[in-house]
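Look at the two complexes coming up: chain A is in both, with chain B in one and chain C in the other.
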Partner chain A sequence: MNNISEILGINFVVIGPTLVLLFTTIVLLFCTITISTPVYIKKLITFLGIIATLFSIFLKFGLFARDGITSYFSEKILLDEFSLVGNVLIGLVLFLTFNSFWKTSEEIDSKTTEALILILMSASGFLLMVDAENFIMLFIGLEIGSISLYALAGLNRGDQLSNEASLKYFLLGSLASCILIYGIALLYVSLSISGVYETSIAISFIGPENVPLTSFIGLIMIIVGLLFKVAAAPFQAWAPDVYQGSPTGYVGYMASVAKVASFIVLARLSAVSLRFILEKFNLFFGTVIILSVLLGALFATNQNDIKRLMAYSGVIQSGFILSGISSGVLGISASIFYLITYIIQLIGVFTVFSIISGQLSSNFEISNLSGLGKENKFLTLTFSTFMLGIAGLPLTSGFVSKFILITNLWSYEKYLIVIVLMLSTVAGFYFYLKPIWVAAIEKSDNSVEKIKISISDKFLLGFMATLTIYFGLLPDTLVNITQWMIENYL
Partner chain B sequence: MTVIIISLLVVPLTGALLVFSFSESRKEFFRSIGLIFSLITFTQCAYLLFSDYARTNFVILSEYNWIQSYGLEISLGISGMSILLLLLTSLLVLVSLLSIGKNHAESKGFVGSILCLHFAINGVFISGDLISLFIFFEALLIPMYFLMGIWGGENRRYATIKFILYTVFGSVFIFIGTVYTSVISYGFNGSLAVDFDTLSNLALTSSQSKTLFLLFTFGFLIKVPIFPLHTWLPDAHVEAPTAGSILLAGVLLKVGAYGILRVSIPFFTEGFLTYKNFVAVLSVIGIIYGAIVAIAQIDIKKLIAYSSVSHMGYVMLGISAGEYLSIEGAIIQMINHGITAGALFMLVGFLYERRHTRNISSFGGIKSTMPRYAAIFLFTSFASIGLPGLNGFVGEFMILMGSFSSYKILTSIAAFGVVLAAIYMLWAYQRIFTGPINNEKNKDLKDLDTRETLSIVPLILLMLFIGIYPSYIEGFVVQEAGSISETIDLFKGLK
Partner chain C sequence: MFEVILFLIPSSLIIIGALIVIFAKNPVHNAMGLVMTLVSIAIIYITLNATFVAMVQMLVYAGAVMTLFLFVIMMIGVDKKEQSKESIKGQTFLVSGVFLILISTLVYVAISSEFRWDLWFDAVEFTVEGTPQLIAGTLFTSWIFPFEIISILLIVATAAAIALAYDTQRKKEDA
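On to the complex of A and B.
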């Protein structure tokens, strides 16, 4: 018995986090259907579920320390540095956004449990996605995660914008999934492979110069499917509408979790599968990066809705992160550093928005922030920290991440990309400072009234703002983690 | 010594945090806290002035690991020029905190921002590597953004964003330069270290040196500002509150020139020799253009802002001539301009607090109502013009003397800037102070009170002191100007 499970690679610790989240959703579902459970019990169950998930992620580290990089479940599930970091980041996203998504779900009275189940299921899907070795597994994980997100975007059914967001997200997201699965099929047809490591073995076997065009197209289609999820231009069209329409309390979670999972998978593809043929994708990646950065900066300058602004800023950041991932292994570590600091700031910004505008709101104009600093010093301070961090001002983590990334790009001799990225940073100061101006500086007649912030919100916001400053002053720890991550692939 | 260097950063920051931690209602405390903490910094700088490091080249005194796996370190150190500029900074912070009116002094945000600005400027002058130089250079923007944005004039939104975008645009070039340098450094040392000791040992190729010189100098020249890139300065000055203007003209403009002297010339000398003529021409255009535009101004603050463009042109001319005397003159002119421009902006601020206008035509004949003010203004104007015996003369004379051997025609043209300076300053004085009082509102203007006089007197004394005994201040920069010009001569010889 033991032997068979070893041969098949059955190991429940590896998919532990996914299982824990699934179990939590089942308990929640059971509680709702059978006995009428008070809301606070549900909150407790969800919270304990998330804590248990974090713990089971911790267990995976032990397994990794013992066995190193290993495949499980007949080479379907992979345990490596990327999956570990991806797991931790998704756990972190769940933990940091818990307050906002809980409150949002609580506000949708009749559908509280549905909303929670959707969130936990999407997290379990994305966890599966970052663990996947087989491309089909990756697709399954991505679909479980995304379909929950489509529903989440449209959960506020009374709101037209929310419906629009959901439909747009669904239609364009399914298109992306089609492209992804078609790419997987093409790759299988051309080289009869469908795994991360299989691809690199096959390529090294036939030699990088003999790789057939079909498999190139297949790989590009897989990457395009993933780039859809991170809203890199020219696949960014859904992002502004979805960010704007979805309930504000969910956007922080939706945006960050999809970005984390997709970028981790892209990083693994770049480090393992495309290892020998990465230069052949330079033109493709270069176009995507430059388009993302320029289009994002261009559209972000004249947005009135701050959620749309953040969406376009996300497009720019995707360009930044992609530039490291597409250039080589050291670039990947810089990109992961960038990703970690960025999602902390992103979640922080959206937590502030959901506190100010209410959890279920869709539209959120920049003018709604006016006079925030008068009564709400704490919110203004944290909000400014996050915005300056995203803009990349020194003393925040945004600067360090940009510095490390640009240094790596320069040593890879990608001068054109560096120049474009830096120009977008200058433009960024124009539109990132605008909300700060409205919130903290401009005097206004109808300023935002004093908002009561719960202790847990205060703790989370303070925690994220502290991290933003801390990684700006003492980035050594986080840099070491990202270096550890890529050390086996150098 | 390390303790003092670090406390130059810690003390202003502690002051700022202390101010921010008070509740908004404790109005009477903010100014005193600011004064106390800037006085501590001032004392530390004065102590440094008498230490062994006051007459040396840049010495790195302490290093900290920043990102170990990249080999990046934060280095801090000082030199004679740094100490003079630090002293100037803390003096200007001190007097500007003393000079500001009640509405600013009783706002904790204002005093706190000034102290944060103090922290960042100190950081620029003591940073011993490119990374920390860049970090503090950019960090200056945050307090300036809030100072100008919250307490600025009518059109502050436009001016602030222009100031920020210009500076950020310039610092992008410095950033790319830093990245390029660290990648080159990696090739030599196996680490990305870019502290000044490492940089001076890098063997750069000619094209690398030229590229890096252009990248760094472009960023710093925007901050100076040099002629075609100066347009942010008048806007920023007009909209900034008085204390902001004092520090902007007094210290922030020097950050650019300091960067060129500290980084661009010593480390990328070959690039400097290639492009110095270009910089010299631009600075002479700046001298004449700034002075002519200043003549035509109707706003006093704008007039002084354009005069800053002209005066900083002298600094850049002296630097780009690259002679021993001219570089020394440029450093002294930096200090002098900091004192005089700071004093002038403070004086304009006093007038603005009384009348809430800076339009020259709305004054006239106020010498009779404000005799003390008029006397101080005239004295400062003379210093700014460069009357022999006052500080302005020393720097300009040394610059013109030093650069004449390299640029005969350019220096001759630049000398006319002194004449033009006399025209715009004295004509403005004439229109504001002399003649009959035409405007009713000017009849009951109050003269300077004790606090205001006290805040301007240190600057006046310094103007006189440097004017009479310039060799004292010269002693601190001899070594540094000498070694910079030696490096330049060495490369000239190689060519």
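On to the complex of A and C.
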């Protein structure tokens, strides 16, 4: 028995976070079906589950320190720096959004447990996706994550916009999954491989010049399937509607977790699989980056709904992060830095929105913010910090991340992309500062009344705002982490 | 000769079934035509020595998916009049254009290759005894983890369906 599990590479520490999340959902399910459990016990179970997930992610570091980069389950699950960072980020997203998704789920009464199960399951799916070495494993993880997100978007059945968001997300997301799985099949047909490391070995074996066209098309289709999830430009059509329609309390989680998982997988593809043929994708990646940055900036300027604005801002940020990932190993480190700072700001902004406009609301006009600064000093302060961070003002982490990214791109001699990114940053100041102006400075007659904020919300918002400022002043800890991540791939 | 007959009968049944799907007026007849097509495809799979795929085809497509189709048809109602109005502008024109392009590509490829059928791959003698054993061999050893993980996918899909469908039922009870 022991021998067989050794041959198959079965190791339960490496899938520990997934197992813990699964166990938590099963306990929750059991509590709902059999005994009528009070709500606060469910909250306790969920919170303990998330803490246990963080702990089991911590255990993976020990395994990594002992064995180094290893694959488990006969080359299905991989433990490397990318998977560790991805695990930590997904755990962090779960922890930081716990307050808002809990309150949202509580408000959808009679469906609280379903919502929690969907959230925890989607996290476990994205964890598997980040860990995947085999592309089939990646596909299964992506599907587990996305199907839960499709349902989460439409959980507020009474709201027309929420239904629309769910259906749109489901249809376009299934199309993207089709493209992804077709790309995997094409890659398998042309080179008889379906793994991350296998791809780079096969390419170095036949020589970068002799890679057949079918495998190029397959790789591009896999990348397109992943780019859809991060809403990069030609594939961004779903993002504004989904962000606008979904319950506000969930959007922070939905947006950040999908972005984290897809970008980590893209980074690993670029660092490992496409290592020897990365230059051949320059035209493809360049088009996607320039299109997403320009289209995002163009559409973001005339949005009245601030959730749509954040969606288009997400398109721009995807372009930014992708520019580092597609240029080389050092660029990947800059991109991961950017990703970490961006998701903290994104979660912060959506937490503020859900506090102001209610957890289940869908529409959220910029004018709803007017006069926020009069009564709610704390909310205005944190909101402005996050917005300025996303815009990239100095003293916030947004500036440092843009600075590191653009210096890296400059050293890779990608001048055109640098110019376009700088232009969009300048344009971004207009639409990022407009909500701050409306909220804090502009005088208005009907200002937002004083909103009671719970202690935990205050703590989380303060924590994220502090991180935004801290990484703007002293970025070296985070820079060291991202440098450690790519050390082995230089 | 025997092989040719084994190929010709199911393949002609496939085409007849497809034509029934397109031209029959009654939706139930359409569904039955589709069943005919799918079963004939399963027979062709068996002649190609892919017994496992054939069984999956029978169980999943001809069994489960067709039952779903029939359920939906029964729910909507068989006697409803067919709506043959064009919903998209220029639908007929677009479809016939795409169809013409496809046909002409096929004809071009057939003529330019002088009616050889093995365009990309050489014909191989490939006989494997009993594919289910082979599939089980890999599925339950090296692919055991993805196989087990698919159960999570099923739980998620069920939970999502319940979460989305539950609300409307409650409202109906209230009303």
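The rule is simple: the second predicted complex is superposed on the first by the 490 of 490 C-alpha atoms of A that agree within 3 Å, B and C clash if a C-alpha of one lies under 4 Å from a C-alpha of the other, contacts with A are read in each partner's own complex, and residues count from 1 in each chain.
The rule we apply is simple: a residue touches a chain if its C-beta (ideal position, glycine included) is under 8 Å from a C-beta of that chain, and two chains touch if they have at least 3 such contacts.
Here the structure is a predicted model, which means the values were calculated and not measured.
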Q) Should the superposition on chain A be reported as showing a clash between chain B and chain C, or a fit? A) fit
Q.
Looking at A:Leu423, would you say it contacts chain B, chain C, both, or neither? Reply first, second, both or neither.
A. first
Q) Is A:Glu107 contacted by the first partner chain B, the second partner chain C, both or neither? A) neither
Q. Looking at the overlay, does A:Ile117 come into contact with chain B only (first), chain C only (second), both, or neither?
A. second
(Q) According to the stated criteria, A:Asn480 is in contact with first (chain B), second (chain C), both, or neither; which is it? (A) first
Q | Touched partner set for A:Ile147, first chain B, second chain C, both or neither | A | second
Q.
I want to verify one number: the closest Cα approach of chain B to chain C after the superposition, in Å.
A. 40
Q. Do any residues of chain A touch both chain B and chain C, and if so, which are they?
A. none
Q.
Going by the contact rule set out above, which residues of chain C touch chain A in the complex?
A. 141-146, 149-150, 152-153, 155-157, 159-164, 166-168, 170
Q. Of all residues in chain A, which touch chain B in the complex?
A. 388, 393-395, 399-400, 403-404, 406-407, 410-411, 418-419, 422-423, 425-426, 429-430, 433, 437, 440-442, 474-476, 479-480, 483
Q) Can you list the chain A residues touching chain C in their complex? A) 8, 10, 15, 22, 25, 73-77, 110-111, 114-115, 117-118, 121-122, 124-125, 128, 134, 136-137, 140-141, 143-144, 147-148, 150-151, 154-155, 157-158, 166
Q) Considering the complex alone, what residue numbers of chain B touch chain A? A) 65-70, 131, 134-136, 138-139, 141-142, 145-146, 149-150, 157, 160-161, 164-165, 168-169, 172, 175-176, 179-180, 182-183, 186, 192
